[in-house]
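Pasting the structures here.
Here come two complexes built around chain A, the first alongside chain B, the second alongside chain C.
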Partner chain A sequence: MEEPILKVENLEVGVKKDTGFMNIVNNISFFLKKGETLGIVGESGCGKSMTSLSIMDLTPASVSLKSGKILLKDKDLTAMRKNERRKVRGKEIAMIFQEPMTSLNPVYTIGYQIVEMIRNHQNMTKKQAYQHALNMLQLVGIPRADEILHEYPHQLSGGMRQRVMIAMVLSCSPEILIADEPTTALDVTIQAQILELMKSLQEEMNMSIILITHDLGVVAEMCDRVVVMYAGEIVEESEVHELFENPKHPYTKGLLESLPDVDEDREYLSSIKGTVPSPSEMPEGCRFAPRCAFASEKCQEDPPVFRVNQKSSCKCWLFEDSTAE
Partner chain B sequence: MEKNVLLEVNHLKKYFPIKGGIFGKKTIQHVKAVDDISFQVFEGETLGIVGESGCGKSTTGRAILRLIEPTSGDVFFEGRNILEMNKRQMRALRKDMQIVFQDPFASLNPRMKVKEIIEEPLINFKMHDSAARKKRVAELLEQVGLAPSHVDRYPHEFSGGQRQRIGIARALATNPKLIIADEPVSGLDVSIQSQVLNLLKDLQKELGLTYIFISHDLSVVKHFCDRIGVMYLGKMVEMGSKHELYNRPLHPYARALLSAIPRPNPKLKKERIILKGDVPSPSNPPDGCSFHPRCEECMSICKEKTPDLEEKEPGRYVACHLYDQEDQEKII
Partner chain C sequence: MIQYIIRRLIHTVFVVLAISLIVFFSIRLTGDPVAIMFQAGEPTKEAIEEVRENLGLNEPLIVQYGIFMKQLITFDLGESFRSGLPVSTMIAERMGPTVLLALGGILVAILIAFPVGILSAVKRGTAVDFFGRIFSLLGISFPNFWLGIMLIIVFAVQLQWFPASGYDGWKSLVLPSIALGMILSGILARLVRSSMLEILNQQYISTAKSKGIKDWVVIIRHAFRNALIPTTTFLGIQFGSLLGGTVIIEQVFSWPGVGRMIIDAINQRDYPVIQGGVIVLAMLMILVNLIVDLSYSFLDPRIKVGGSDK
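This part shows the complex of A and B:
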């Protein structure tokens, strides 16, 4: 098998409180291969964004990494100093965010911001950098790119801003792109444009993408492999076809069944009873057990990750017969 | 079976003025948020209104309730024109028409307890005495799936889904006939979203409610509504029963919109119509059909003449020149 480009091992992220350390992300491991798109799905508060922010070292000050390794090829990012980490960020791993308005600086022109990024990471003169920025804007399909270069973020629509963000992060040709809900704030027709763009650019530049989203429709369209998170843990990891055809974990099943489907008519949607527990009141053992229809006494104990078949693994006692990883 | 029309909207318009000039008092332009739309809502049905942001779907909902005063047009509720009513008559009628908002965090007063929030409309309309009101509040809480012990809590103690349930309970308090639900599940996670949708459906069966369901989420609308209207730039471009609309959309915009829905099925490789460009600004919409700059089937007539929403097939309304042909033949 091809050596993964990014590996996250036993990552634990949390907040320090008076009462002790409160885990937000609890002991998760996954990997990303060259050229693939990995989806991370889960509902709000499941820790998917914190995972990606930890990879970028952009976590808020109150949140800290407790243990675990983040390996980019064979370099351990967690062992790096701040300024080394800074060179990786943007150059090798880049990230786009949900709300393109808040991630662009309103008082600088688009051109200034892209050039700043390019000159930080690459040895280019101002003129070359401007030319490169112009090329990038054209690459992401912005009309009148030479004029847009001198405009401010507020003069653009949401879809255009997201294109500018993509142009900016790709200007240093990163190997890994982390996209945190890149289309959530956009309308469906614009979402279709942006997803199409990301796909074609991925092929062109042979990037790996980590796509973080709560929209399973987007996952089905974009991803090769999917990681499902619930309450700070990875409950299932699976190839995309396997996930939708044959979901393993009761949570994944519940999530898929509660989606309204355009092709199907149902009087009622099935739903998962209850709500996601808050990080301060995590249940003992399996964290999904209180909402799970299949819960048994065994679930008092925290299940390990079982490898169900070649395509998927699952953190649930139902798959005890399979081998533990 | 003859269906009763509960609500009829005729040529509803809402223009917001853009102020300009030296003193900022002159009106220099108008944003045509809702531009001449007409439709009917039958008793007991759910009408969905879909469209992208800025297409005027929320303004439509609010203009019907006169939460925003419409610029012109007529709204008939049970045969009475509510735009001609005075304040007192309108207030009395509000008992029958309620609204549930998108953001349950913003629509509940943080300084009121749940029981006060739900009781407030009952007090406003002087319904029941104090003891009966208390009973009614408990009954409503049970109806929306909250525990009676929740009455003394404040909104911040609840999760998003529970808050939306409180909003629904408040809307139900006065026994309305029509509920306008403006993006009621957009802020919620999928597993919670399905809980709230099921609740709304249960309540409709139980109480015989009529809904106008405003949403940008096409799969939710398809699941929840009986008939659906698609809006683009302040105009209704297509309207029909959900099956006909989703199986065979007629308007090019509706076609593109429906093809853009991300489907949770990786096997499905479908042909997607990717629209060029963005939605134009509603203050300065293109001449003729407002969709023509992005339309793949744009003809010369589209640039000049605005198409009207016409019934092309029974129960099927489309505003597009593509379907004019029969008429043209008649003219020839």
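This part shows the complex of A and C:
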């Protein structure tokens, strides 16, 4: 197997409180290979956004990294100085956000904002940078790109703005794109277009994508591999087909069961009982146990990650008999 | 845009009309100017009558107002009861120092409040923020005449760096500008801080950071540029009120401004000077507000003045 481009090792992120350190992300590890799309799935508040913000070093001031490593190829990002870290942002790892409506600065033209990005990382004259920005806009399929360059964000629709964001963050050919719910705020038809666009650009630029979403439909469409997060932990990691055909963790099963099935005629969709525990009231042992239909005595103890087969691993005592990793 | 300006100017005519009515009649409730003129001696009835006749005060009020309005339309503000000088000349002489002082005060306020407000917001919750907020509070709570007198004692009397009073060269502008600006800077710093805090939470600030540009570029170019929109409104309104409302500072520093002129005129019931002064100030205030409104479309592309285009 080729060496992964990004490796997250035992990452712990949280908030300092008077009572101690409150973990939001608890000891997670995963990796990303060149050219693949990794999905990070989970309910809101499970720590998936905080994980991506930690990789970007964009966490809110109150949130800090407690331990763990983030390895970009062989460089440890967490050991870098702020200034070096800044230069990685946008050039090697770029990010697009959930809200295209508010992601662009309202007082600057589209062109200005793209050119700012380009000139920040590449040695280009203003003229060259504008030409490059124009090319990028055309690449993401924006009509009358030469006019849009001089327009302001409020003159564009949400879908168009997300295209502009994609054009902007890809203008410096990053190796990794983190997309935090990139289509959640868009109409369904536009969603499909944006996903299609990301897919084709990924091939063209041989880029790796971390796609954060709670939408399993998007995962099936886009991802090669999936990491399922629950309450700040990774409970399952699996290849995408394996995940849908043979989910391991009870939580993953619950998620999949809550999807509507066209062949089945049901009045209600099934749902996972209970709610996600808040970070201050985490249950001992397995964090999913209180909501889990398969929970047993053993679940009082925190399960390790078991490698179930070549394609997947799972953090659940049910797979104890598989060879532990 | 042009249409909008014309519409606003037509509004101005009505505002001036209303103000002229209020000023004209209200000052006539305050007492007889002639009685004040003769306070010292024992004038004869004939003398009083003669003066009243000369000043046109014997006409019925409505006729007096008519004459006043007729003059106003030709931009003639009449003559001072006291000095006999044309009111327009008097205002013209005093307007320069007033505008200069207002600009000086705003400049000082900006120089202090922008850095304090920005730092306070960026370093929220730290010692920097704490001192920034204490500073704003002090700025707001100080009575400005007290600050003015303190400045005079320290910098004019003790250190003799600047003149204590008068209107003579840029040096004389320094102390009154600081006195005026310090007070304004307290409120301004708070406004800048709160606008910055709101904007720093916006998604586009995260976007800007994710582009890998320098922190201070994010703060100034992306955050502060947006904070300028509410700030400009505030400064515009403040500038308008500074034109007429610097009376105390003008008094403390013997500054020959319009505010002091109007106060003196009120004490002497010098009707034409009061009327002229108030109307000119009102018109200036309207003009400044118009300029502020027009500046929005430059500061914020989402705002199209007059709702034209598209």
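Keep in mind that, in the parts below, the second predicted complex is superposed on the first by the 320 of 325 C-alpha atoms of A that agree within 3 Å, B and C clash if a C-alpha of one lies under 4 Å from a C-alpha of the other, contacts with A are read in each partner's own complex, and residues count from 1 in each chain.
Going forward, a residue touches a chain if its C-beta (ideal position, glycine included) is under 8 Å from a C-beta of that chain, and two chains touch if they have at least 3 such contacts.
Note that this is a predicted model, so its numbers are computed, not measured.
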item: Clash-or-fit label for the pair chain B, chain C on chain A; value: fit
item: Touched partner set for A:L11, first chain B, second chain C, both or neither; value: neither
item: Touching partner for A:H154 - first (chain B), second (chain C), both, neither; value: second
item: Which of chain B and chain C A:M165 touches, first, second, both or neither; value: second
item: Partner with the higher number of touched chain A residues, chain C or chain B; value: B
item: Contacts of A:V140 with chain B and chain C, given as first, second, both or neither; value: neither
item: Touched partner set for A:L72, first chain B, second chain C, both or neither; value: neither
item: Touched partner set for A:E43, first chain B, second chain C, both or neither; value: first
item: Touched partner set for A:M117, first chain B, second chain C, both or neither; value: second
item: First, second, both or neither for A:V218, with chain B first and chain C second; value: first
item: Minimum C-alpha spacing, chains overlaid - chain B and chain C, in Å; value: 8
item: For the chain A and chain C complex, residues of the former touching the latter; value: 56, 58, 61, 86-91, 94-95, 97, 99, 102-107, 116-117, 120-121, 152, 154, 165, 168-169
item: Contact footprint of chain B on chain A as seen in their complex; value: 43-44, 143, 157, 159-160, 187-193, 195-196, 214-221, 223, 240-241, 244-245, 254-256, 258-263, 266-273, 275-276
item: Touching residues on chain B, where the partner in the complex is chain A; value: 52-53, 159, 161-162, 189-195, 197-198, 201, 216, 218-220, 222-224, 246, 256-268, 272, 274-275, 277-279
item: Chain C - residues contacting chain A, complex; value: 124, 202-204, 206-215, 222, 225-226, 299-302
